[in-house]
Amino acid sequence: MTSDEILALLRGGFERWDESGVTIEQSGYRSCRLRLAFHDRQLRAGGTINGPTMFMLADTALYVAVLSSVGPKALAVTTNMSINFLRKPAPKDMIAECRLLKLGKRLAVGEVFIYSDGEEAEAVAHATGAYAVPA
Amino acid sequence: MTSDEILALLRGGFERWDESGVTIEQSGYRSCRLRLAFHDRQLRAGGTINGPTMFMLADTALYVAVLSSVGPKALAVTTNMSINFLRKPAPKDMIAECRLLKLGKRLAVGEVFIYSDGEEAEAVAHATGAYAVPA
Amino acid sequence: MTSDEILALLRGGFERWDESGVTIEQSGYRSCRLRLAFHDRQLRAGGTINGPTMFMLADTALYVAVLSSVGPKALAVTTNMSINFLRKPAPKDMIAECRLLKLGKRLAVGEVFIYSDGEEAEAVAHATGAYAVPA
Amino acid sequence: MTSDEILALLRGGFERWDESGVTIEQSGYRSCRLRLAFHDRQLRAGGTINGPTMFMLADTALYVAVLSSVGPKALAVTTNMSINFLRKPAPKDMIAECRLLKLGKRLAVGEVFIYSDGEEAEAVAHATGAYAVPA
């Protein structure tokens, strides 16, 4: 699937997709790169971006990489995700770089690095997750 | 901290807390029970509640259990969270039951079971997470 | 499968099973309890039991709980395991208590608490894992 | 610390280190590369290498990368490890490539790719882990 086809599928499946702030910067076989626009509602005590926002971005990146690789399987579901929060992200856009480590018929596994925009030397979070792919 | 004190701290730290839909049903030493009110925006393709919503609920439950046990440390931060999605949750309220497995001076570790309201025989998700507690 | 049938299968699949020090204290539908006999080779710097030994015990407990529930599927394989090390275990036997949180046709997910023998108030480790069950 | 200094520390802390089959191929600031010699005792049902062996290799790689970066802290301990098993490893040597994603004063977080020797296009396992570093 192309980025535009994936976007259409996301808009169909998630009513409020356009409020999410996520855009697809690149997608291809077993990988993608997303951007999340900063918004005040992502902040937590201490002035940094909260964990659930980073989880959402990582989860979306895995979903996009799976769709991009196997086609329109809207019902693919995360079965497991493990995320390490490494640094407190500044209040700015975040970038997710996702790569699938395994793409089986029923299970895909990938990793996602999350960076603050323009600071790609040190990730703010790293996640690995598994997706069950329907037949 | 009592549930009311924790609630005041959450409202102070998270501007949009009251939009979150989370209420504290019980909190005590090393444990808590939260409820998340169902809202359409939690839905994903397939008509079930999306993963990031469950992550947010699990993360909040760990935070509440930590605050309830160690006092007002608003800057306690999640360092790691691993979540397994077990069943597709029906579009209704969800309950989080959290218990801390370790409460050290610098690190707390806990587990969270997430249930659909009224269906506590089988969890819809299970998470374990670690919180760094500031001195 | 009964504990004796599981033991026979483990001996068939793992040449050196009897050197492992693991015994099945209880097994049933979606649960089991194992014991690991202490041995000097399990020690690490600091005089406590090393992490890989606890991982092995947790992994074996999930395998036994799966076999006990679905029958002789020797080729069931772990797809994911997340383990938190909570306390430094004393040099003595360890007990693993395992419970399956989900038992699907293709995927089982469970949690394991590991205790030092006789000290079951506080776990020394906690693991969650997923097993792929062959058809 | 150099690879030789790390090896001396490992031999001091783990009585049976030389039986482990692990050698340090490279170590440096925030990274290392280890080799695990194949041995029959690593096999499981199905003729592939068992999970606990891969966990041990990943855990050792994180420990070596931490020692290599912060000096002789023999009592550094793993607090959390999450491992995904991606492919069934052939009965041959395995290589672990480790990189630290965060090196804080008290906490180090890293990832490890495990490959079958000579087949580095697709990893057989991937782990992320956190190490508590003593003061």
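The letters A, B, C and D name the chains in turn, as written, and every chain counts its residues from 1.
In this section, a residue touches a chain if its C-beta (ideal position, glycine included) is under 8 Å from a C-beta of that chain, and two chains touch if they have at least 3 such contacts.
From a predicted model like this one, the values you see are computed outputs, not experimental measurements.
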Chain at maximum distance from chain C, centres defined as averaged CA atoms: A
Chain copies touching (chain B, chain C) - same or different residues, decided at half shared: same
For chain A paired with chain B, centre-to-centre distance based on mean C-alpha positions, whole Å: 22
CA centroid of chain A to CA centroid of chain D, Å: 28
Set of chain D residues in contact with two or more other chains: 79-80, 82, 84, 130
Complex contact set, residues of chain D against chain A: 82, 84, 86-87, 101-102, 109, 111, 122-123, 126, 128, 130
Chain B partner contacts - residues on chain D that touch it in the complex: 79-80, 82, 106-107, 130, 132
Of chain C, residues touching chain D in the complex: 12-16, 40-41, 43-46, 50-52, 55-56, 59, 74-75, 77-85, 88
